[in-house]
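Two complexes, one shared chain (subunit A), two partners (subunit B, subunit C).
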Partner chain A sequence: MATQETRKLARVMRAPAIFLLLIWMIVPLGMTLYFSFLNYNLLNPAMTSWAGWFNYQYFYTDPAFIQSIWNTLVLVLGVLVITVVGGVAIALLIDQPIFGQGVVRILVISPFFVMPPVAALIWKNMIMHPGYGVFADVAKFFGMQPVDWFAQYPLLSIILIVAWQWLPFATLILLTALQSLDGEQMEAAEMDGAGFVSRFVYLILPHMARAITVVILIQTIFLLGVYAEILVTTNGGPGYASTNLVFLIYRAARLNFDIGGAAAGGIIAVVLANFVAFFLMRAVGKNLD
Partner chain B sequence: MRTITCLLGAASALGLAAAVEAQQITVATVNNGDMIRMQGLTSEFNAAHPDITVNWVTLEENILRERVTTDIATSGGQYDVMTIGTYEVPIWAAQGWLLPLTDLGDDYDVDDIIAPIRAGLSHEGQLFAAPFYGESSFVMYRTDLMEQAGLEMPEAPTWDFIAEAARAMTDRDNDVSGICLRGKAGWGENVAFLTTLANSFGARWFDESWTPQFDQPQWKEAMDFYVSLMNDAGPQGASSNGFNENLALFQQGKCGMWIDATVAGSFVSDPENSVVADKVGFALAPDRGLGKRANWLWAWSLAIPAGSKNADAAQTFISWATSKDYIALVAEKEGVANVPPGTRTSLYENAEYLAAAPFAQMTIDSINAADPTNPTVDPVPYTGVQFVAIPEFQGLGTTVGQLFSAALAGQTSVDDALAQAQSVATREMTRAGYIK
Partner chain C sequence: MARAVSARRKAGYSVAAWVVALLIFFPILYTIITSLKTEPEAIAGFNLVPSFTFESYRTVQSQNDYFRPFMNSVVIAVGSTILALIIAIPAAWAFAFSPTKRTKDVLMWMLSTKMMPAVAVLVPIYLIFLRTGLMDTRIGLTVMLMLINLPIVVWMLYTYFREIPGEILEAARMDGASLWNEILYVLTPMALPGIASTMLLNIILAWNESFWTIQLTTTNAAPLTAFIASFSSPQGLFWAKLSAASTLAIAPILIVGWFSQKQLVRGLTFGAVK
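And now, the complex of A and B:
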């Protein structure tokens, strides 16, 4: 039983860790906030001065700003749909007792272990390339004109690559949920004459709801920050067709060397991410209670 | 905790001590063929200077730029020798970010460096970077395909002839494109080529009061020409092709013509890597009868950032890598046609080189024809042929490159791309204080 004394002691013992975490978060955020109000360009350090709200204004009037927000949302939602639907389907499949189950499961999960830039490069040069890619070979085999994926469907290509990477994650989580499903319940339903569709809709899906929620939440956090795949494949282009918010900030920071503008973009991204998180928690978070 | 700190301190102190004894220098460079060759010859450098250890950081062009610019602007001190171009040198030298090269050795012979390139690498008369290789751009073409098409390449072609020949040489069934041009977005990629194209069409980036000129008919004409030519006679996926991609295509025999850096001359005529080595011809970059040819001027050069702790060793290295002896060394090891071109006058007086390198005369003519101080038909307030020598150009040029790349990919129309380029350029230039 915790007495007044021990509780106090616990608080003191916890304090250093919490304090460290706080510093860890506050200092970068504070510096970003501070920089976002400065006219500060690395290439012209002599011109540093107070900017007020100008950086924010400059960032959201960027011609690419609206499109980048739209692209960010399309990217997140597209990947979520593919991974959740595909993840449920694959989880159902590899849950069946088949020959070589262990090997199949490892194969299904392995894309997750490939680092994003490597995966993106493989897709770019070996799969989607209009000259050397597998897709081009398939298209040529059927006598069709090969598709230049990154020029014609840049955002879709990136969604496919990212979905390929995250599908194993969704599958893994959903598979564990599926394995915890009570077999007797399923048998009972089957005996009562429930077909696969009703079993899926009334038993399996509700059982997996929680796992799906976890998948959506965790993936959203990571997908809002997708960057490496864009950098090595399309570089945000053609035009702004595959520029998301993170890439826009990267452009300000590393191509324009505009620290003030990039910091302002970072703050805008933080606000937006919180906004999305808020609605997401409201929409799906109730499953977690 | 404290012991660990002490140990760390001791370790770093030891590390420092070791660094003083055998000096370590870190060289950041581009993954182009000539630099890879230099990296391969590190042991030769070590043989002459056993007290200096060289660490290499070899990166793709765009990434290298990002890294070294960040490092130098934040005084990061990661690199002792940086590979930078004629764009960065005058800007960085003016900021005081580079050390002047005052001690290159007695037999270095600075006056041997080709004049336009030496001028491009100097600031207030002081040399701040030593050229590793210099280049302009020219036309490389397949003599066999040209003959098949029933045409003959003049020594100084016009754009109209190039367009006609490109369309005639295109053979989609055999996967041969009449012309390969840069399309990958980046100020050092498609923007470099398109700016020279625009220069020869009479266009310019800015007028004398720094107002962007993308709304002018010359730009529209140039871009329409480029996009329609590439659609008719360019390769698949041209909007993601940069120098290296086009080089690979040309070496595999998939391009009829290629307008790009003169340094590629030795790569396309190298029988080990190029299946078309014996069928390549060279011509000056095209023009449109307005008095400016579409050829650029560039020199990848080695410079020492002001924050380097091993500036002496770095200078020793630069002196070695850009010397006449280095050229002789490469000639001995790799063949005289493969030496880094475009830096020294003496190389172009070497009869052996002129005989072995069919592109040599065309290279030096192209370099001498480029005029960075007077790059356009109409007067401009900036210097630089395929770039505008202001710090803001990197970001602006890359954004504009994205827009042009989108126009090539068919994502936007040429008109839209130019209108957007105009608005972006106006925004950036206003912010940077050029437009009052």
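And now, the complex of A and C:
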């Protein structure tokens, strides 16, 4: 159908989306890059001047910066381990012949639809609160001292909350992959005397490898941007114990009004995300062919 | 997987699966239960049987004007989705039915804009919103969320449109259908299911977006995400009230989500897992 006319029409149809995304990509990023070289504080905008590399030096040598990078990595890796391992296990379980599979699926997928502030506040108050949370009730039942989660283990607490939000996503995608596994192959392996472990290692895991890769990469993109969960629970504290890169930049921009510093921090967030994106694009790109 | 399974094994798996499912669902369930308790009940220790009072729901509306953030969420989520569809449908259409040598590259580039971390452009967007008076307006947030989700919408629509066989168009043309008739009577009916599931997924994503909605609003245009986040500030022990507000905030999207869980996999993996 590639006549001259349709090709011209196609160009017109594509243009708005491409144009909008081009602007969306270039203008703000260009501005961030520009601001990152300025001494620019919103409290004192008249004093704005060229800063050279100062913002980068200042931001990257700040001990809080190193800690926030570390926290970001721990958060992402912690959530990935919990969700992928848990996701594989739960997907294998749900894939078995069980009663009420549809309802089980719905229950398992539900946390994914809970907006981050709600998820975090539910966990903070109903589940992990040292006085009135369910964990505290359980601890008291066994005669133990309740744990003050957000004061003692702030980062771990946030990891648990975020993992709860993303476990459904991993499970759903891995379950979808699992259900496309060839049943006859599994039966043949079973007839030949392959136990569950060898079936899992040689048949199931290789089959799910692609889905696991996709889960890891997509989750990483979102996990690098965790923000609301921190805002409503620990607010980054105590100290910087649960501040990730996003939260550190947010603090610089919105609480310290340090536009230049926040912009310099933003640039490293871009570098970090691009690193991950590179691999994701390759995985997704293969599917196009 | 038509393997013969003994009834006992099936029962065992079922029990295990239900226990896991209920554990995962428990925080949501407990929130719904707590929302039906009185405040003293809510902090009186573990209890799964509420007194079924709707007091907290009434309080959330009368004290916090719950209806306003709710309407903001609806307007922003639905508005940004419709806006994105208007721009994305023609584009995805062109990509699917009139591909050029560069189509794949352009699509990959669109996807790559989604990888840009929001926080990297927080500073410029915040300043632009301040200067242009878009701060704390529904229209500003609607446009913002449209831009954020546009790549996913284009991609999802593209993967659906690509599955519409081109021969059908040729057949219609042979029968003398005009371009307009072709679109109206042949393509639209085939494309509608894809458009519908794209719309649902995007409404879910927009409803739950919690970075820009919190950054770019204060009170007037604050949707439910920002409204609920404001509950984090200490205001006494209002467990039941928080639960009621939370239940109201997640209920609509939970139901939409249950209906679109199959499309979710496809949409969020950009067609890499089906």
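Going forward, the second predicted complex is superposed on the first by the 255 of 289 C-alpha atoms of A that agree within 3 Å, B and C clash if a C-alpha of one lies under 4 Å from a C-alpha of the other, contacts with A are read in each partner's own complex, and residues count from 1 in each chain.
Note that contacts are C-beta pairs under 8 Å (C-beta built on N, C-alpha and C of every residue); 3 or more make two chains touch, one makes a residue touch a chain.
The shown structure was predicted, so the numbers you read here are calculated from the model rather than taken from an experiment.
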(Q) Contact-wise, after the overlay, does A:Val232 reach subunit B, subunit C, both or neither (first, second, both, neither)? (A) second
Q: Of the two partners subunit B and subunit C, indicate the one touching more residues belonging to subunit A.
A: C
Q. Touching A:Pro206 in the superposition: subunit B (first), subunit C (second), both, neither?
A. neither
Q. What is the contact status of A:Arg254 with respect to subunit B (first) and subunit C (second): first, second, both, or neither?
A. both
Q: Considering only the touch criterion stated at the top, classify A:Tyr58 as touching first (subunit B), second (subunit C), both, or neither.
A: first
Q) Is A:Gly195 contacted by the first partner subunit B, the second partner subunit C, both or neither? A) neither
Q: Applying the touch criterion given at the start, work out whether A:Leu121 contacts subunit B, subunit C, both or neither, answering first, second, both or neither.
A: second
Q. Once the shared chain is lined up, is A:Ile221 touching subunit B (first), subunit C (second), both, or neither of them?
A. second
Q) What is the contact status of A:Phe150 with respect to subunit B (first) and subunit C (second): first, second, both, or neither? A) first
Q: Find the residues of subunit A that appear in the contact set with subunit B and again in the contact set with subunit C.
A: 131, 254
**Q.** Touch list for subunit B against partner subunit A, complex
**A.** 66, 69-70, 73-74, 91, 95, 184-186, 235-237, 239-240, 391-392, 394-396, 398-399, 402-403, 405-412, 417, 420, 423-424, 427-428, 431-433
Q | Touch list for subunit A against partner subunit B, complex | A | 41-45, 47, 58, 61, 63, 129-131, 146, 148, 150-152, 154, 234-241, 251-252, 254-258
Q: Would you pull the subunit A residues touching subunit C in the complex into a rising list?
A: 1-2, 6-7, 9-14, 16-18, 20-21, 24-25, 27-29, 31-32, 35, 90, 93-101, 103-127, 131-132, 134, 137-138, 164, 167-169, 172-173, 176-177, 183, 186-187, 190, 210-211, 214, 218, 221, 224-225, 227-228, 231-233, 245-246, 249-250, 253-254, 259, 262-263, 265-267, 269-270, 272-274, 276-277, 280-281, 283-285, 287-288
Q: Please name which positions on subunit C make contact with subunit A in the complex.
A: 1-3, 5, 10-11, 13-14, 16-18, 20-22, 24-25, 27-28, 30-31, 34, 42-43, 45-46, 87-88, 90-91, 93-95, 97-98, 100, 104, 106-108, 110-128, 147, 150-151, 154, 166, 169-170, 204, 207-208, 210-211, 214-215, 224-226, 228-229, 231-232, 237, 239, 242-243, 246, 249-250, 253-254, 256-258, 261, 264-265, 268-274
